Amino acid sequence: MNCTPDEYMTVAAARLLQGSQVCFVGIGLPSAACNLARLTHAPDLVLIYESGTIGTRPTVLPLSIGDGELALTATCVVPLPEVFSHYLQAGRVDVGFLGAAQIDRYGNLNTTVIGPYDAPHTRLPGAGGAPEIAAHARQTFVMLRATTRSCVEKLDFRTSAGYLDGHGARARSAAPGLGPRALITDFGMLAPHPLDDELQLSALFEGVSRDQARAAVGWPLRCADDVAAIAPPTAAELAVLRDLQQRTREAHQRPVSIPLG
Amino acid sequence: MNCTPDEYMTVAAARLLQGSQVCFVGIGLPSAACNLARLTHAPDLVLIYESGTIGTRPTVLPLSIGDGELALTATCVVPLPEVFSHYLQAGRVDVGFLGAAQIDRYGNLNTTVIGPYDAPHTRLPGAGGAPEIAAHARQTFVMLRATTRSCVEKLDFRTSAGYLDGHGARARSAAPGLGPRALITDFGMLAPHPLDDELQLSALFEGVSRDQARAAVGWPLRCADDVAAIAPPTAAELAVLRDLQQRTREAHQRPVSIPLG
Amino acid sequence: MPLMTLDEAIGTLVHEGDCVALEGFTHLIPFAAGHEIIRQRRRNLHLVRMTPDLIYDQMIGMGCARALSFSWGGNPGVGSLHRLRDAVENQWPQPLKLCEHSHAGLAAAYCAGAARLPFGVLRGYLDNDLAGHNPAVRRVACPFTGRQLAAVAAINPDVTILHAQTADRRGNVAIHGIVGAAREAALAAGRVIVTVEEIVDELAPAMNAIVLPHWVVTATVLCRGGAYPSYAQGHYQRDNAFYQRWDQISRDRAVFSDWMRQHVLQTRDHRAHLDGLRAAA
Amino acid sequence: MPLMTLDEAIGTLVHEGDCVALEGFTHLIPFAAGHEIIRQRRRNLHLVRMTPDLIYDQMIGMGCARALSFSWGGNPGVGSLHRLRDAVENQWPQPLKLCEHSHAGLAAAYCAGAARLPFGVLRGYLDNDLAGHNPAVRRVACPFTGRQLAAVAAINPDVTILHAQTADRRGNVAIHGIVGAAREAALAAGRVIVTVEEIVDELAPAMNAIVLPHWVVTATVLCRGGAYPSYAQGHYQRDNAFYQRWDQISRDRAVFSDWMRQHVLQTRDHRAHLDGLRAAA
């Protein structure tokens, strides 16, 4: 079945979710993956968006993290401070999804700046909820299109901690969560080595070679003893995802009547 | 006009309230005084009960601080932690009402124990909201029936700070509020001396002598240069108060049907 | 979140020696659950409640408690809690260790617990004797201004028990009206039991209402009238006359014990308890 | 709490150099008030907002701001805020000092401000570079456990501006839907301006709804459509297409400046602004 790398990534990420896990969802690919899982094999997933919408079940994907759709379909809407203190910090989130402009071999993330902080070449949006999601969610999944500029030897800025310098450094830190258990990219997945925490190739999309994977990563990529093959999206998965994306596109392009002042 | 000491106290306290002051109200005489003021000369008073009912306008006095009547007639109901952090501690309360089992000459209050803390002769209910009302309300009014056992030389326990040891000690402390500006008793009122903060006789009910006042207070009671006379309750004030009390008695005695389990 | 009976929920989730908070501020006090704890003879509990109210007066008088964390221990608008007083003044039926806060302090301790912070901060406990008698109150300096503030140790009950109006079949719980620190006490706890007036297929769209999501709640129990003589807004009123009558019932150890035997120990469950009260009325 | 016009409220309550928070998380962003600040040429503001969004992109691009406290500065779901980037990367139209938090940190700073505590505590800023670039983040030790936690300096804006659905004639304000940290930002402020979609004689009985009591609000302003292109739940939807179009408008300094001149500076008020957008659509 022909599909785009984004679709492959989204389906691969969705398959990682199961049962009634509580997911802290970000906009973009994570939002698509979580809702795809909810609409297919994991209807009981609990989705939380940082806007305070808890147990939300949107029929179209939100453009922003606080679209009205999220509030209307939520179990409840709580103030943002409570999302972070009473839910995330309290250890009530099973899975956090993160994206980044840069990731290093230990899963540390940069969403702040490219270049020096005080004179950046590129100013990125910044931290948002990520640093504390990275610390407190029982595990995190990172979704990122891999290039040598995104998967780097050294971050320009560490916005969110992964495995720090590896070799158990995170386990010795104050962060209660297990850290990034998977990096889902457009060629397959990386997972931390059990001993030194370095992200290594754990699974490949169909039709992608290990060399292609190595070429997309800016550090010398190691391979797990057993690199699995990730089955392509099924027709059913793709149908649900494309249907969701189509509904979303239509909703976002639907002219909103400008209110009368 | 014949009236009871409680009625005289309640009317005298009610007259201290004005305009749109925000009052943090306790159960008993303060609740009667605040609602009497609201039903007579100060309809814009904002009443807060610690149960989280803000801007409440009960038609009968609550027995407990959290009767349903308070919630039904409130502008809004907020969680109790917010009442104390976002309203009281934030300095948004103009007048706090306090009662006590004991008060000393500097307006410090005891609502905790008579006798030693670890082996009390009488265990009292304890602090409730009082210590922080005493600290943060812009001013407090204390209502207390005076006897030599309630107006004492030395407290058995200091639950809520008044003027501490007097002589400006409170003004030098961390408490932002002005402290107890009036003690309303069943013979008249005491107010702090401007220099040493000692509560002294500032006003008398009609028909009460200074000697009667002195006899009811356990420290050598000084008199202000000018001891005012507090006019007795007017017929109108008494009518509103008695009407309120009558409605309240009826409501509290009205049989509630025990729910079916 | 499983639906349980009350005896099952108390039997499996409340253990000897636990730190237990039955919350609800005047409103929605979980009387039925407290009575079931008495029926099941749980002992050595560390009870936590802002206002112990009649339910803790009963539990203390029946010997369930070794310790009490609280901030105001009276019968609201009536007077003393005589069983609480008897425990503190005369160690009857057993000694009761007090951990005594102000409302603001205990609220901050619950909030810290709900956020899984080890302490809460407030501008409180100023120039009074409370901090000196409670080791759970200390000072902390602001790292920016140097200003001294009060710190209270977080409270994280083993179990928090609430009463609420409504749950849906998944176990989402909706609370309506005065809420006190009930939500924070629940979110601070290791296990959460909620008794409810009714269970519906689906809660009304909540938006900003007070809801405990199903995955926060360990067990939901259908228990009509479960807050009586406290009340459930929209269902039944507070029985203020009962609160006044309790003053007489609780004054005397023998009268109290007889009342508890007849109305709690010898009733099978909360329905029987209420039936008995109705018959006696 | 007086009812004012928007130009009166901004004119009298927002001063040169103020610390100003326009809050509302995606929902209820007070665009009309931001535009009026631009029209009245307020300068040297210290802007505070969790998500600067388009409104701060516009205010920064128009030279209103000397500093920005924030936690996520993008166009949600679209990409960059180009005016914010231009200010940080190229100091255009002037340098912009950043005070950069995470969401959890900025939320804690607002909460501390609302409670008039000098600092907030969180288990955050763990092993990352944020604290090193923000002097408003320090460490504090738990006085009970010795555990190290993050402390953030409280934020108390001179003025907080919100948009809400409804006010009553006394000025009580009701907010419905996603609220973000808007309530804490308002309660932390010295002055509070709220623009609303409608003014009613009396709010519906609120019970547990989100309400700002009238004595917390300095000025209420009737301003229909005041959140557009953000939204007001129950009144109009978020104009996601406009958010996408903004990416093109804001990329180029000249295109941006023309758009602002035509649609903000040269419009008398928000009604004229919306009329202009409708005519152009």
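In this document, chain identifiers A, B, C and D correspond to the written order of the chains, with residue numbering beginning at 1 in each.
Going forward, a residue touches a chain if its C-beta (ideal position, glycine included) is under 8 Å from a C-beta of that chain, and two chains touch if they have at least 3 such contacts.
It should be emphasised that the depicted structure is a prediction, and the values quoted were computed from it without experimental measurement.
Asks: By the contact definition above, name the pair with the higher C-beta contact count: A-C or A-D.
Replies: A-D
Asks: Between chain A and chain C, what's the gap in Å when you average each chain's C-alpha atoms?
Replies: One centre to the other, that is 41 Å.
Asks: Distance-wise, how many Å sit between the C-alpha centres of chain B and chain C, to the nearest whole number?
Replies: Comparing mean C-alpha positions, chain C is 27 Å from chain B.
Asks: Quick check: how many Å separate the C-alpha centres of chain A and chain B?
Replies: So the centroids are 56 Å from each other.
Asks: So which bits of chain C are touching at least two other chains?
Replies: In chain C, residues 115-117, 122-123, 177, 179, 207-210, 233 touch at least two other chains, as defined above.
Asks: Indicate the residues of chain B shared as contacts by at least two other chains.
Replies: 71-72, 77, 85, 89
Asks: Report the complete set of touching chain pairs.
Replies: Pairwise, the chains that meet the contact rule are A-C, A-D, B-C, B-D, C-D.
Asks: Name, in rising order, each residue of chain D that touches chain A in their complex.
Replies: Spelled out, the residues of chain D in touch with chain A are 25-27, 32, 50-51, 70-74, 76-78, 80-81, 84-85, 88-89, 100-104, 107-108, 110-111, 122-130, 133, 148, 177-181, 183-184, 223-226, 228-229, 231, 233, 235-244, 269-275, 277-278, 281.
Asks: Enumerate the contact residues on chain C facing chain D in the complex.
Replies: 115-119, 121-123, 136, 138-140, 142-145, 147, 149, 151, 153, 175-177, 179, 207-210, 233
Asks: Which residues of chain B touch chain D in the complex?
Replies: Per the stated touch rule, the residues are 20, 22, 46, 54-55, 71-72, 74-77, 85-86, 89-92.
Asks: Please name which positions on chain C make contact with chain A in the complex.
Replies: Per the touch definition, chain C meets chain A at residues 114-117, 172, 187, 203, 205-211, 213-216.
Asks: Which chain A residues qualify as touching chain D in the complex?
Replies: Listed in rising order, the residues are 27-28, 50-53, 62-68, 70-72, 77, 79-81, 84-85, 88-89, 112, 117, 120-132, 135-136, 157-161, 164, 170, 173-175, 251-261.
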